[in-house]
Amino acid sequence: MSDNDILTEIYRDQMYNLLQRQERGDGRALDEYREISIETGVLERAEGSAIVTIGDSKVAVGIKMQPGEPFPDTPDVGVIITNAELIPLASPTFESGPPGEVAVELARVVDRGVRESKAIDLKKLCLVEGEKVWLIFIDIHMLDHGGNLLDAASLGAIAALLTTKIPNKQYDLAEEDEPLPIVDIPVAVSMIELEGNLLVDPDHIEEAVASTQLTIISNRDGTLSGMQKMGSGPISLELLEKAVELGIRKGQEIREKYLYPLMNEIPRL
Amino acid sequence: MSDNDILTEIYRDQMYNLLQRQERGDGRALDEYREISIETGVLERAEGSAIVTIGDSKVAVGIKMQPGEPFPDTPDVGVIITNAELIPLASPTFESGPPGEVAVELARVVDRGVRESKAIDLKKLCLVEGEKVWLIFIDIHMLDHGGNLLDAASLGAIAALLTTKIPNKQYDLAEEDEPLPIVDIPVAVSMIELEGNLLVDPDHIEEAVASTQLTIISNRDGTLSGMQKMGSGPISLELLEKAVELGIRKGQEIREKYLYPLMNEIPRL
Amino acid sequence: MSDNDILTEIYRDQMYNLLQRQERGDGRALDEYREISIETGVLERAEGSAIVTIGDSKVAVGIKMQPGEPFPDTPDVGVIITNAELIPLASPTFESGPPGEVAVELARVVDRGVRESKAIDLKKLCLVEGEKVWLIFIDIHMLDHGGNLLDAASLGAIAALLTTKIPNKQYDLAEEDEPLPIVDIPVAVSMIELEGNLLVDPDHIEEAVASTQLTIISNRDGTLSGMQKMGSGPISLELLEKAVELGIRKGQEIREKYLYPLMNEIPRL
Amino acid sequence: MADGVYTFFKDGLRLDGRRKDELRPLKIEAGVLKRADGSCYLEHGGNKVMAAVYGPREVHPRHLHNVTQAIVRYKYNMASFSVDERKRPGPDRRSIEISKVSREAMESVVLKERFPRTAIDVFVEVLQSDAGTRAAGINAASVAMADAGIPMKGLVTSCAFGKIDGEVVLDLCKEEDNYGEADVPVAMIPRTGDITMIQMDGHLTFDEFKEGMKLAIRGCDQIYELQREALIEKHQNDLKAKE
Amino acid sequence: MADGVYTFFKDGLRLDGRRKDELRPLKIEAGVLKRADGSCYLEHGGNKVMAAVYGPREVHPRHLHNVTQAIVRYKYNMASFSVDERKRPGPDRRSIEISKVSREAMESVVLKERFPRTAIDVFVEVLQSDAGTRAAGINAASVAMADAGIPMKGLVTSCAFGKIDGEVVLDLCKEEDNYGEADVPVAMIPRTGDITMIQMDGHLTFDEFKEGMKLAIRGCDQIYELQREALIEKHQNDLKAKE
Amino acid sequence: MADGVYTFFKDGLRLDGRRKDELRPLKIEAGVLKRADGSCYLEHGGNKVMAAVYGPREVHPRHLHNVTQAIVRYKYNMASFSVDERKRPGPDRRSIEISKVSREAMESVVLKERFPRTAIDVFVEVLQSDAGTRAAGINAASVAMADAGIPMKGLVTSCAFGKIDGEVVLDLCKEEDNYGEADVPVAMIPRTGDITMIQMDGHLTFDEFKEGMKLAIRGCDQIYELQREALIEKHQNDLKAKE
């Protein structure tokens, strides 16, 4: 994440000065998100979709489903496959080609968030044990990289899943399409550490300056379902515990403000 | 196609001067092909083959056939797979590695020529509906790049197909091998545009100088079955229509002179 | 193999001087191996394994077995798949990425040694003719490149195979695991040629200096089962025949000293 | 859908109610992305595409640069979820060809000589696809390029004509494309009337071809107006933002 | 192995007889390879890993170098035969992620500024895998780096904690990892107490997390002692060899 | 074709009527391609190969060049349609190995020191394959190199010997290769008698090996004559063309 060019140095100085007064470049509080918007169901070829913006960041997530083979060691549960592409459309620093380590890590953190939180009742997605289960493809497409793509991607994934219809009719498996069996709503909250401070929802300049980033994924009951430290900077145990608490609190806020309303449209859980 | 080195500039000047008198470097008329030769059946491991030379260009085309699965949306028709390689043996400018955009485009234009002209009656290549059909591999191997490889490849493909025997015996599917059900004979005619002139069958120097190339594919009844503009140069509607007419006319000439004789050997259609 | 940097030049001069007295840098006789050690059965996830050191070279070989499809033209015999990786852990000159030509050649020479010597009775590894046979994966992992990796890899492969247990129980195919049906013990002996001399078991500096390397693979009865000349240097017929004799003799010595003891543990043949 | 039975017209109108020479609805918005130098979001029928332009900028890898002019690169990509059957990520042969012909469609309008040793990179992402994504991509890319302030001789505009039930029509929708008899995507510079891209699939007589070209040119003229409007609106918003 | 039936404790001890806060046996040997600048062979439970360090050395390809400091590269790789089901050779998504987080776990201790324009390359090969290969790899890499004489602010040490049968425990073995409720690999600099890697899978309350971190830190302290001992032994052998 | 039943001899002659020490028919033509600096088309039994040589020329990518001598590169490739079962395009492990040993077979005759910093590129395409394509490729490449005017110490010539029905024979055909007991491709410099390539598959006693080498050397001498004739004919045609 950290970069040594002159511009980054200038931004670093500026941010350090602001932090003395607990301020940020765009006037936000340290624990404040930029404006969030979530549009669901906009991409009609997908079984579920969401376009999420957080500040200048914009991410499209599409869910595709098709019957396929289960993993040999879990013959009776559906399969989640998550893929993310940091396509060069989204940032001057992204390059063409197969996903690099940053894209792979992002996809895997989002994937574990959905999987480990047991957000989807995968047992209900078994069609014929050992032979046929639903495959759920979560494809994450970055459109504009204004920083904190991980939270946008994670939010997009769960929003898209909440509004996904299982395409029973297309595959002659039932009379009606039906919603995915969603049983929890994980939310990822990312922050950077700078001079002993935790700054939630960093923009891309803050990310470039910071060398420590943390993502905390939590569930509806306030428990943790995932965590990842990124960047080469160290962090103290004290600050790490603060970050976990902060992540759980902000996760709860986002869930209530942006995700519960989606569920009102499709009541379940 | 256009290149900015000094040699290309010199050739450009020379060609412009010649064009004032409607002449070309090798003395041909603007609508005249170089010498064409077609040898079929020379490569014995292939079910059909042709080695085509047009001037200094030489292309080998081999047809391989084997039973395989149809596409899900067309369960009762055979499958054509066309592949072209601009191998570095053929030109100092070709590089090793997977096919680049020029090779991919060439293969796809040849492929569409065969497919869209409905040259082969693919319904007759169904073995078991939805399960097994004949796969036809058209592999195009460039040997010498003297310009206008596309026409040589396209001519090689249809000549090889006209002389292909379905390998029934090898796969225990019938007592006898039999010719492919060919029902039309598409011919591709390529030309470049230079200063408002159309030059048919460009050599590799003419190709380097020109920034607009057109390929017109037509059928036995004089209708169009394919077209592709290549290169970054624009062309006027008037000239485009002229090119289409010219392409249809030259296609008819080639078909009569070079392809009908092959059919006398294997009378059908 | 030959390299033109200054260090190689210096080594070359030094070796030429020593060779006048039929001596080598580390005091060995020209036909003398460095110290050899073989540990088998150390890698427990593998069905068979060996870690071989020859002087400063160290190679790990693991054998994995699983049921799979036979090749269409040999429906009743097991399948051997050999893979070697010159991983950058083992030498400053090795690079990440898919196997290069040296690794491919090494794997193929080891593979042919096992296959052509008919070391394994592959007919006994047929489970259901035409449908299911045992696949034997020989994976060769270089750990330290002190020269003559090929002999270390080859020795590791046969030592690992000699101690491999067919995993019948894991795949519910029999009550008990059983040893592989080994029927011969090929040994590869490599040497370089320098100024008309043959130096057995070259270290990595000797390899860098030499431009001709020979590998002779022989069986228990003293017959040849493989051979490969590597490097761009030529060799006279006379010296080649000497090399073959030498290779057979050294192979016999290694077989008796290092491989027969392994068989005492698992008596068969 | 057996041969000859499928019919694309009802009471003289097409399946979606259009006349033969009528475009599907379009929506064009310029300047929708923050990081790109220029961008455009475009909907055309069921197509939803996003285009971004970066440059002129340094060329990586270096050896690709040209000492006399800018190089133009164009990458057309379909999102995995843009089609009914999920598409595997990464370029396939179809997108390689489309990227090439799209780049060639646009290259001649760019004043490349002004920016030697640089690259102008165009990225087109198809988020939802109906028939005609390459045309939609070119139309969006053209607006994005203008939005990036790249000097051009004119905008490039693209649309297709085709043939269904023996009739030459403008701008095929997905069903017409799948079961129709010909599809001819065209790109042009409306300002000069020059054609910069033409491809053809299917069967057409020479007369049908000429008839179709007339339709396509008229279609391009209409789209050109919408491209201009989108750019004007973006410019006015920029001015407002400055006040 | 049905839900809830599987039990990981017997008479207060784990399946392999360990207490909740007990590490599996470790064995660490420094300087085991001849060609590498530094190396380490490490066994931790059923894990067997080899680490090698090369550098500081020239950077290939050139354009990756940094003019102000060394770049650190880390490649974690599993041998095909290191797992029950043969793994296809070459990097997969899992090893790409592990390589990244492992590199980031180690980078902050390296005095990179001393070696501008160079690369420090770390290679970790897993020869036999049990749960916890990334931690084993980091522990071995850290020793190999010291063995290579790379100046560092301190060693990096790693171990995991997890949750089984509702209990927070140190250092999961393979069965515990497969059927447990959470796995949290941690890396730290024992000298300073700073955390340099943390990942989490599964379900934990905040209190369980805090409890687990205490266990992990204590585990790291014990491993740190073994790392130091291995380096001291290597150093003494080197001295003996010189005599 | 059961073991022991298959017999390769009838009345002392082989399946295709040859004696044990007899080559299959050869046809060699130099200078058949226009764009290459040197080229050769060669038929040997059922093998049909085309070889082209480019160079000495600039090296791409640059960092591969050698400041003291030319580098030689050799690419052996089989056309998809050259074998009974269609081969997937692109290099496989077999062709990577053959390219390496073929390059090494030829490298020592090239006066590389005369062309520092350049590359000499050899391309061999197999259009139709019978047993012995690597030898056919080397024989063609050698002629193509001379046709390109590359200075050499001598031509390189290649053929194989093998063992069938317990007998050592020259130049295996496809059936003999598939069911025979050994195959030994050899390359040499007939002018000096030096061996530049040898590989062996199968089973041979030391005496059989020595017997086979004698056959191979005699076979190479015959092929060498044909290579020379092809080059002389090309040269004479070139002279005629100048008149």
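Order as written gives the chain letters A, B, C, D, E and F; numbering starts at 1 within each chain.
Basically, a residue touches a chain if its C-beta (ideal position, glycine included) is under 8 Å from a C-beta of that chain, and two chains touch if they have at least 3 such contacts.
Source: prediction; values computed, not measured.
Contacts with subunit B and subunit C are shared by F. Taking the mean of C-alpha positions as each chain's centre, the chain lying farthest from the centre of subunit A is F.
Of the chain pairs listed in B-D, A-E or A-D, the one whose interface repeats that of C-E (more than half of its contact pairs identical by residue number) is A-D. Ranking all chains by how far their C-alpha centres lie from the centre of subunit D, first place goes to C. If you average the CA atoms of subunit A and of subunit F, the two centres end up 58 Å from each other. Taking each chain's centre as the mean of its C-alpha atoms, subunit B lies 32 Å from subunit F. As a whole-number value, the distance joining the C-alpha centres of subunit C and subunit F reads 27 Å.
None of the residues of subunit D touches two or more other chains. In subunit C, no position touches at least two other chains. Within the complex formed with subunit A, the residues of subunit E that make contact are 66, 68-69, 93-94, 96-97, 99-101, 103-104, 107-108, 184, 189, 192-206, 209-210, 213, 217.
Residue ranges on subunit C touching subunit F, taken from their complex, read 4, 101-102, 104-105, 107-108, 112, 116-118, 211, 219, 222-237, 240-241, 244-245, 248. Contact residues of subunit B toward subunit F in the complex are 42-46, 49, 56, 58, 60, 62-64, 66, 83, 85, 87-92, 95-96, 98, 137, 139, 141, 143-146, 204.
Subunit F meets subunit B in the complex at residues 33-36, 46, 48, 50-52, 54, 57, 60, 75, 77, 79-86, 89-90, 121, 123-125, 127-129.
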